[in-house]
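Same chain, two partners: subunit A is paired with subunit B first, then with subunit C.
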Partner chain A sequence: MADLLKIENLELKFNTRHGIVKVLDNISFTLKPGEIFGVAGESGSGKSMTAMALMRLIDKKLIHSIQGKIFFRDTNLLELPEKEFRKLRGNKIAMIFQEPMTSLNPVFSIGFQITETLLLHQNLKPKEADEKAIDLLARVGLPDPKKRLKNYPHELSGGQRQRVMIAMAISCRPDVLIADEPTTALDTTVQAQIFDLLLDIQQELNTAIILITHDMGVLAQMADEIAVMYAGRIVEQGLRDQILDTPEHPYTQSLIACIPKVDVRAEAAGKPPADLSEIAGVVPPLAELSTLKGCSFAGRCPKVFDTCSTLKPPHFRLNKTQTAACHLLEK
Partner chain B sequence: MNVKNNSKNSKNPKNPKKSFSEKTQSPLKEAWSVFIRNKSAIAGLFILGAIILLTLYGQLFYGEDPFEIKWLPFTSPGTEPGFLLGTDYLGRDLLAGLIKGGGPTLAVGFSAATLTTLIGMSMGAFAGFFGGKIDAFLVKITEFFQVLPALLFAMVLIAVFSPKVITIVLAIGMVSWPATARLTRTEFLRIRELEYVTAARSIGMNNFRIMFSVILPNALPPLIVSATLSVGIAILFESGLSFLGLGDPNVMSWGLMIGSNRNYILEAWWPVAVPGVFIFLTVLSVSLIGDGLTDAFNPKLRER
Partner chain C sequence: MNILRRVFSGLLLIIGVIALNFFLLQLAPGDTAEAIAGSMGGASEELLAEIRQTYGLDKPVLSQLFIYLGDVITFDLGTSYFYNQPVSSLIAQRIGPTILLVLSAIFLSLCIGVPLGVMAAEKPSGGLSYSVTLLALVGYATPVFWSGLMFVIFFASVIPIFPVQGFEDISLRKASFFVRSLDVLHHLILPAITLAIIYLAQYSRMARASMIETLSSDYIRTARAKGLSELTVVYKHGLRNAVLPIITLAGLQFGNLLSGAILVETVFNWPGLGRLIFDAILARDYPTILGVLIISSVMVIVANMLSDMGYRLADPRILKQG
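For the complex of A and B:
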């Protein structure tokens, strides 16, 4: 199958008070139609930046340089003039944000906001747009959609607002849907509903989804392929089962070890639950990263050795579909 | 699974759990319902309404010429039938002046406030939205106008371009927009960082549309308040200019009445006091409305 989205060596640098800082380092991956591509990593690992760079939503004043290529079908998105790109944005490539509570404009009804998206990209009459908005709201599982059109965001719950956001995002049947931690602000039961909805949409519209999350458990259920990011770099990438069953990078291993396991029987028998594991330390600040010679994970890695602090590990190809960037894999 | 459950529920109107509150309220309507419960704001609305009615319809019932000399000068109010409020230093009817002069006073006040808001809003919107060099440039212009002594600058403008009502409106607009510009800029700076603006960009809106159909409606509440208050300021400004003799001498206004009678205040206080009280009442009512709007738009103040 032809690639829908192909990112090649994406590199993004920011101007900051501490000088020029590399935010994204050599990001490459491809997305096929209908595929769910998971991006995992801690806060500050560059997951959201990758999404924002894809959508070209980063404030131009911050950007020092952006290099590499992002192909959507045959067009390089980074070379497309803003005016042309605007036609794709929200139309062929859409995005769902982290905070449904603040992602909707508080002064307009949700019906107005959905029809606005439709009218922006499609040649519809206002009445047709209204009908389509009702269909969309029904599609994302909002009860009584006709009445909901007149509701304002503050009258809806977090889960309902996220459904509205999804309705807006899928209103033009996008080929690529970027979901940036779509459920962080929602409680667990609603999370499951939203993910069910995303899966439904992916199957129905054959939309490829880039799912950004820090929750490996979610990716284990949803993703076809997973990329693990650390400090602006993809450190390991592979099919879901490869990442979950045979993680090769120590960072991926630690992330997977962090998924809490609930042993109901042991708890019933009165045994204390197993300790939750954590990865000691924090992601190094971006300003330090640019001066770092070796591997950015070296400071926290349980398997660190000499080479780690002097040489940046290249990506080693482990098999046809899995790569990882760690000196341990050098043979 | 859950999706299907929900759609089933929607077909069943008896299910109480899924019913939303039936009343849907836009933020503006909600603010309005708070506003009309505010007693002092409603009082302000009534005073202003009464003054507007007086100046609009007063002439139908009392169409005397305010410039015409009718009777002896310095007639006290209530002493001469037919001259309810007495006469001024030339013997002109004060009641006629009050009715005829209210229209221009209010008109100058409202149009100057509109002009102030329009200039200030567009300057602030562009500065706050685009930031960087555009912002720096527009802020410099704003500061330039802000450090000019407003009254002197307005006097120069009126002295250079003859004292007509339109010149006065333009002069007041020109000197009083910087405050609105700064307010708009701050609001735009704050709102443009919010997530729904990024979301609007992500659905493919262009800058112009984001500025005026996404950010501006959200920045409106403080702007409405400031526009209301600037009506009061503009009325005072116009009165000040007329007092100094820079008003339009061919158009009766309350400021002109005060200005032309001020030399005789020791002999007769009422030709100054009567229009003065009306200016005071107008500005007070506008301020009360402005305060009411502030409370209505600011949910944190509502609880107090």
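For the complex of A and C:
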């Protein structure tokens, strides 16, 4: 199948107080129509920045340089004039965010905010847009959708607001939907509902979803393909089963070990389920990373050896679909 | 219900203001009867006693207050010692020009200050942004009477394109309504600008700060993610939120604006309440002073209520709460 989205060697640098820092380093991946592409990694690994770069939503004042190519079908999004790109944004490429509580404008009604997108990208009369908004709210499972149109965000719960965000994002039947930790702020039962909804939508509209999360367990259930990010870099990437069953990068391995349910042995031994914080140490600060010669995970890696601190590991291709960036694979 | 409660507490507030002003004026040095007699030219003991009786000055202070309060309820604000006219009709003549002046100043400062602040917020470290900060500083630090006097000097002698005194040109008394309105507007320009300068500075600074904060919020990112143009993002999604604290500020500052108007009216000889109270203070004309104070406190309270209601209309979050 033809690629829907193809990201080639995306590199993003920021101007910061500590000088120029590399936030994204050589990011490459492709997305096929209807595919769910999972992105995992700890806080600060650059997941959101990858998404924001795709949406071209990063504050221009921050950007020192952005290089590489982002092809949507045949157009390079990074070269598209702002005005042309706006026709795609919110229309064919849409995004839902991590913060449902604050992502809706408090002074406009739900109906207004949904129809605004519809009227912007589609040739509809206000009346038709209203009807479509009601359909959308019903589609995302909001009870009493007609009444909800007149509600304001503060009258809805977090889960309901995230449903509204999803309704807004899918209103123009996007080809690509970026979901950046869409459930982090919600409680567990609601989380499961939102993921179910996303799966339904993906099947119904054949929308490709980039699903960002720090929870490997979620990706184990939903993703077709998984990329693991660390310190602005994709350190391992492959089909879901490859990543889950034969992870090659030590960082991926420790992430997998953190999936509570999969870790049967730990449970049998009566140990509490592990979580991410059990990987000792923290991600080095960006400013430090820029001066680092070797592998950015070296400081925390259980399998570290000499080469790791002197040479940055390239991406090794393990087979047709899996790559990993670790010196261990050279041998 | 809600509105009724507000009106009621507003009324209580006004009664409090009257009582307070009343007692403060009692504390002022000097004898009222003597001041009145002085303005008439002579002061025999008999005359003083007569004056005291006519104006009720011989009664105990507290009963003077209650008599006064009773009169106020029937819109009788007493008779001016100085003008020998009912205070209410004095106020009726003067309130129009003051309201015109104050509203024009608010209008000018909002219409110029807010867009200026918004544009500055779009580039927080740009040249315009620094200019707004500087303007705010200068505008805030410049006393109204000084900038007023500078205008007077400049437009009276250097380029006399605007009149610097009064409300209208008496020679146009017989002209059509349209011509007279234009003439009043022409007279209004300098006083209104003078009064607007301070508030323009404050509103632009406030708008800048409020807008910078708003533009960094998540829903602005959502608006951009929808594909809206930057103009729509800033002026529809941003400004609608950023304007909320400005509405409050405008309401809270109405009182300051009125006191600023006293100075401006004095400098430009604008026949409003400010000019009236200024003359009344010089003449120790207590009924007039009290009357103007009451009317201004009513105006301040009404302005606060209006801005409160404006805020409620603009922000759905507090619409349904007490």
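Simple rule for what comes next: the second predicted complex is superposed on the first by the 314 of 331 C-alpha atoms of A that agree within 3 Å, B and C clash if a C-alpha of one lies under 4 Å from a C-alpha of the other, contacts with A are read in each partner's own complex, and residues count from 1 in each chain.
Here is the rule we go by: contacts are C-beta pairs under 8 Å (C-beta built on N, C-alpha and C of every residue); 3 or more make two chains touch, one makes a residue touch a chain.
Source: prediction; values computed, not measured.
Visitor: Specify the outcome, clash or fit, for subunit B and subunit C once both structures are aligned onto subunit A.
Guide: Here subunit B and subunit C cannot both sit on subunit A without a clash.
Visitor: Using the touch definition from the top, say if A:His249 reaches subunit B (first), subunit C (second), both or neither.
Guide: A:His249: touches no partner chain.
Visitor: Contacts for A:Lys22 in the overlay, against subunit B (first) and subunit C (second): which applies, first, second, both or neither?
Guide: Once the two structures are laid over each other on A, A:Lys22 reaches no partner at all.
Visitor: Per the overlay, which chain contacts more subunit A residues, subunit B or subunit C?
Guide: B
Visitor: Touching A:Gly141 in the superposition: subunit B (first), subunit C (second), both, neither?
Guide: first
Visitor: For A:Arg161, select first, second, both or neither according to whether it touches subunit B, subunit C, the two together, or no partner.
Guide: neither
Visitor: Touch check for A:Asp196: first (subunit B), second (subunit C), both, or neither?
Guide: A:Asp196: touches subunit B, not subunit C.
Visitor: I'd like to know which partner A:Lys150 touches here: subunit B for first, subunit C for second, both or neither.
Guide: first
Visitor: Which holds for A:Glu99: it touches subunit B only (first), subunit C only (second), both, or neither?
Guide: both
Visitor: Of the listed segments of subunit C (44-52, 62-70 or 314-322), which one clashes with subunit B in the superposed model?
Guide: Only one listed stretch clashes with subunit B, namely 314-322.
Visitor: State which residues of subunit A lie in both footprints, the one left by subunit B and the one left by subunit C.
Guide: 55, 57, 86-91, 94-95, 97, 99, 102-109, 116-117, 120-121, 152, 154, 165, 168
Visitor: Which residues of subunit A touch subunit C once you look at their complex with the stated criterion?
Guide: Residue list for subunit A touching subunit C: 55, 57, 86-91, 94-95, 97, 99, 102-109, 116-117, 120-121, 152, 154, 165, 168.
Visitor: Would you pull the subunit A residues touching subunit B in the complex into a rising list?
Guide: 55, 57, 61, 83, 86-91, 94-95, 97-99, 102-109, 116-117, 120-121, 138, 140-145, 147-148, 150-152, 154-156, 165, 168-169, 192-193, 196-197, 200
Visitor: For subunit B, which residues are in contact with subunit A within the complex?
Guide: Residue list for subunit B touching subunit A: 1-3, 6-7, 9-10, 18-22, 24-28, 131-132, 194-196, 198-206, 214, 217-218, 220.
Visitor: For the complex, which residues does subunit C have touching subunit A?
Guide: Contacts found on subunit C: 217-219, 221-229, 237, 240-241, 314-317.
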